[in-house]
Amino acid sequence: MVVVMAPGAADEHIQAVVDRVESAGGQAFVSRGVSRTIIGLVGDVTLFGGFDLGAMPGVSDVVRVSTPYKLVSREHHPSMSTVEVGGVPIGPGTFTLVAGPCAVETPEQTLAAAQMAKAAGATLLRGGAYKPRTSPYAFQGLGERGLKILADVRAETGLPVVTEVVDAHDVELVASYADMLQIGTRNAANFGLLQAVGAIGKPVLLKRGMSATIEEWLMAAEYIAQRGNLDIVLCERGIRTFETATRNTLDISAVPVVNALSHLPVMIDPSHSGGRRDLVLPLSRAAIAVGADGILVDVHPHPETALCDGPQALVDADLRALAAVVRQLPPLLGRAPALAAPVAAV
Amino acid sequence: MVVVMAPGAADEHIQAVVDRVESAGGQAFVSRGVSRTIIGLVGDVTLFGGFDLGAMPGVSDVVRVSTPYKLVSREHHPSMSTVEVGGVPIGPGTFTLVAGPCAVETPEQTLAAAQMAKAAGATLLRGGAYKPRTSPYAFQGLGERGLKILADVRAETGLPVVTEVVDAHDVELVASYADMLQIGTRNAANFGLLQAVGAIGKPVLLKRGMSATIEEWLMAAEYIAQRGNLDIVLCERGIRTFETATRNTLDISAVPVVNALSHLPVMIDPSHSGGRRDLVLPLSRAAIAVGADGILVDVHPHPETALCDGPQALVDADLRALAAVVRQLPPLLGRAPALAAPVAAV
Amino acid sequence: MVVVMAPGAADEHIQAVVDRVESAGGQAFVSRGVSRTIIGLVGDVTLFGGFDLGAMPGVSDVVRVSTPYKLVSREHHPSMSTVEVGGVPIGPGTFTLVAGPCAVETPEQTLAAAQMAKAAGATLLRGGAYKPRTSPYAFQGLGERGLKILADVRAETGLPVVTEVVDAHDVELVASYADMLQIGTRNAANFGLLQAVGAIGKPVLLKRGMSATIEEWLMAAEYIAQRGNLDIVLCERGIRTFETATRNTLDISAVPVVNALSHLPVMIDPSHSGGRRDLVLPLSRAAIAVGADGILVDVHPHPETALCDGPQALVDADLRALAAVVRQLPPLLGRAPALAAPVAAV
Amino acid sequence: MVVVMAPGAADEHIQAVVDRVESAGGQAFVSRGVSRTIIGLVGDVTLFGGFDLGAMPGVSDVVRVSTPYKLVSREHHPSMSTVEVGGVPIGPGTFTLVAGPCAVETPEQTLAAAQMAKAAGATLLRGGAYKPRTSPYAFQGLGERGLKILADVRAETGLPVVTEVVDAHDVELVASYADMLQIGTRNAANFGLLQAVGAIGKPVLLKRGMSATIEEWLMAAEYIAQRGNLDIVLCERGIRTFETATRNTLDISAVPVVNALSHLPVMIDPSHSGGRRDLVLPLSRAAIAVGADGILVDVHPHPETALCDGPQALVDADLRALAAVVRQLPPLLGRAPALAAPVAAV
């Protein structure tokens, strides 16, 4: 059972709900979000039902949770959501290309990749300053120095920035530079981090955990939503299976399955799912056709010297082919390619 | 090492190769196919290399196998193959819709499903007379009675028939009715059955084993090819993973991966991979976009009473939507919808 | 719904049941086993319930199937079964070592392996004459020549023979030589083969399919049982997962899970699950401790030249260590090592 | 390439190494651990090899990393390690039972569970104050209040405490109460958390990620080790597969595989892998037999009202059976049951 407080509910009203629940032997967990406060109740639901929580001051709604996720569900929110990132929409009716280098390495490499991305039709720039790497001896990203490079490149190109945050401790810092915070596959069950990005109030790109079921993925989104942040875009990036021909197995069915369950936009990352440059184009076409709201693609001016995931980064002819697909295929399926936001036209 | 005999090589020439290999302490396995005989050699390859097998009478070629599959590989056969089934092409340049009931139940149901399939643009009729079912208490198919129904419906509609064979013992019987033999996912490593359909010389639709790697799938095709039958169409139908929202996980990346490795056509079965009617349309669009050569779809006039897999069978509005997609999307991606063959226009 | 006919029920009684079911619009599938005939009913169960099938001549029992498998379930058969193979018991109270070469290659190699196996405490000899191999170019076994070698080695050592059958067509032939028929992992859903070994009336060793759930595995056993053969021993041999450090992932929990569901004995194959010689001993200890009724182990006099699975075959010190474990550990856990049957003492 | 600085190396010596590497166009990542500082080099290794890093002041060793994990590998550390937790050894020669409630709920419940654990032979108490839960609406643990309860119960029972930390931000706080820090399966790739527990210098229990390969698991351990903390115990807790009869699939082979690769102790969690009370005992026997250094078991005085994972918690007869197994089986396999440390006898 979840008690949703009205916007601006007073602390004493919140405390009154907690006290009443605890007096009945239950437990109350308060989540203070940017726009609303939510109180989750644990214990014997029949006890709480006896007194009228909905009538208490400051309470806007009391909902019984039937699906395990509620705020991100279509049950009470049937129309699909659009999330705006620096003025760029992600959602129904448009198709958004997010592109950039897997990792920010130097100002020159990042600017070159951003220009390649923009030329290919990208309206958002991706790039990692904090890289979660399996090996502690692999390149871990430039940290804040990388964030500054991204901000400079945004100023130069007008592309809003999507970048990963890997530690709850860094959320404020990363949010001060980024337009959208990315949660990577390895952190899809890092609940403290999910709550932290929920509280900061910036759009979030939530990748699916590599062994997360679709239900668990939506529950991870619910962790963010519960803190008052519903600006969440889901991103399918391949799951772990027995097949070794590809880095991961792209679960393309996840797009229509999620669309039936949740109002959140869904994107596909064809670069990380396949892990191979030659698969990016066909998987991007499939992503458009299956109904994804956008794709997330690695580009790099010199993939052969990339510090991270070079074998999947697009360049030259491959990138031009992608540009053609992204411009031509979505309109045939009823979607406009996302245009750069006015602010991006600087 | 494989010794490929010339077409029409005499038995004594074949025996001479076997004798020479065995005299060197090796083993020789003779596979007699419809169009050629192949002798696989096992043992210390350096020994056989010493004497010149290639110069022996009746020998057309001696090849060292570098990839584990050779006849289905693009290595020595770079151009993509087209397989003709009752005059209907499956391969590059066309997009083929195979549709029909999961199981043949009655003449009326089969005819109705075939007419629905044809109206939706199908040029081949699928339908199972032998059903491999997990439970011995489930409907196992009508057997030869079902084959006769399929033949009658072919005569009525002009649609060539694709139907499954589940036992090597039945191959001749099924082949006497069918235009294309289907090997199901549960028999993808039933090597005796693969060899039997290889020897019978009818086109084969080879579904991927639900836990087969792409390499193992191509090896299964090689079993068929080794018996002299290269009229093989591969069909991705979902693999087994931890995800339970769908019946299987459609591995859509398998299409471009196989295209890079093999010259055989590849289709997708969106009905069995998702197991849900609402996923058939988006997955069919994705199949077209990713570059599949066709799709295999369940239709049923009354899915609610179907004896097998009703929840995934298309009907009415769903089927009309599929028809529109199959007619409109392939041409946008450079493929013609497969037209019914002249013979089918009877 | 399943109608179990009395032993020796007349054909006319069987036909009468079929007729009555069909007259009600249902379907009846007759399975004639060695010891009993079973009729599976498909259709609207309420219709059949109306007339009293149980009172018809020759009918011994009419059961509604609640679990998807019935004959192998503990529901109606709570005490655990013991299966005798050439006089050697497999079941509760004993621990049986089955050992031998993966593949029969020569009389000398097979005899040497059998003597190694016997010295290590094995009371049954395993060895493959028909080998299902992923590659059509790999050694496929000696066929009937291999069966004869196994029979000769049985005569020499007194060890009853367990050997695989891969094709329904070969069941009679293999059964004429073998004491127990093995169904391999690749044929765990080859229902025609399961039915054929069910009908032949020899003990069966049923390996789990590499991607079969435990429920599906028990359903495969039900296919055998339905033909009147309940002398089935299940064998866990590893399932397919994302982990690559081992050939398969031994699902050791399957033993207690199956013990809770089925009365059939369960063994473990530590050789094929790990695929590594160094894992056989620890996994064998685990198999004993978890409660398995026996293990199936590869041994080979010269693993380095084995035509099949050499890297996992035990030899010398490893085999002596296994022998010590198999003799000492089961008694500590309340099981006797299986003794060779009297006939084996020749 | 990794530069290991001598204990107490001066900051200027560390900086000198960094400068020299960067002057050659490389990148240097400094990890300051409790007992040593390590500098990881990224870039063209041949460049760094040219100048003699090993001869620079303060440098103790320069190693080329061949396996992806080095500090936890047996390559340079062949003898197996023992980790002491509050005086209780975990490692070769002993078998350690860690038991307690999944979640700390109340002082009474925790004390009762600890006494049950101790009576069953446990020498370490487990219990969660911070619970990573898939649902944001599920009980998330008592936080610091739970830690205080654990400390009180330790004072009462003498059992050192193992408890989970889920956020890098909480590491210091949790470490101020706990004797051993647990990293849960969902945080196995939360590299910031791994580094934080590496730096704090307390023993760590590192659970395997539910979809982590064994290599990735050892890399996670390397993240901890790299910060100077080698007091790491690995814990296999089941991996995610297609099988649904158990909560996870216990990969029991992981124990001998890890033993061959790493000197770190390995435990098994039979409670979380199976998720069923009836599997805990057989899996515990298997864990002992396969060579694990200990097990981690859920106990609860009233599983039916547990706020977390009640269905797998042991109680009463099951717990007495476990106690008997843990006392009797390890000595038969050459291991002493771990005795409570003297400090624990208070």
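By written order: A, B, C and D. Residues from 1 in each chain.
Convention: contacts are C-beta pairs under 8 Å (C-beta built on N, C-alpha and C of every residue); 3 or more make two chains touch, one makes a residue touch a chain.
Everything numeric in this text was worked out from a predicted model, so none of it was measured.
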Report which interface contains more C-beta contacts, comparing B-C against C-D.
-> C-D
Quick one: chain B and chain D, Cα centre-to-centre, how many Å?
-> 49
Gap in Å, rounded to a whole number, between the CA centres of chain C and chain B = 31
In whole angstrom, how far does the Cα centroid of chain C sit from the Cα centroid of chain D?
-> 40
Which residues does chain C have that touch at least 2 chains other than itself?
-> 211, 240-242, 244
Should the pattern of chain-chain touching be classed as line, ring, star, complete or other?
-> complete
Once bound in the complex, which stretches of chain C touch chain D?
-> 211, 213-215, 239, 241-246, 249-257, 260, 273-274, 278-279, 282-283, 285-291, 329, 332-333
Parts of chain B lying in touch with chain D, wherever the complex brings them together | 240-242, 244
If you look only at chain C, which of its residues touch chain B in the complex?
-> 2, 27, 29, 31, 40, 42, 65, 68-69, 132-140, 166-169, 186-187, 189-193, 210-211, 216, 219, 222-223, 226, 240, 307
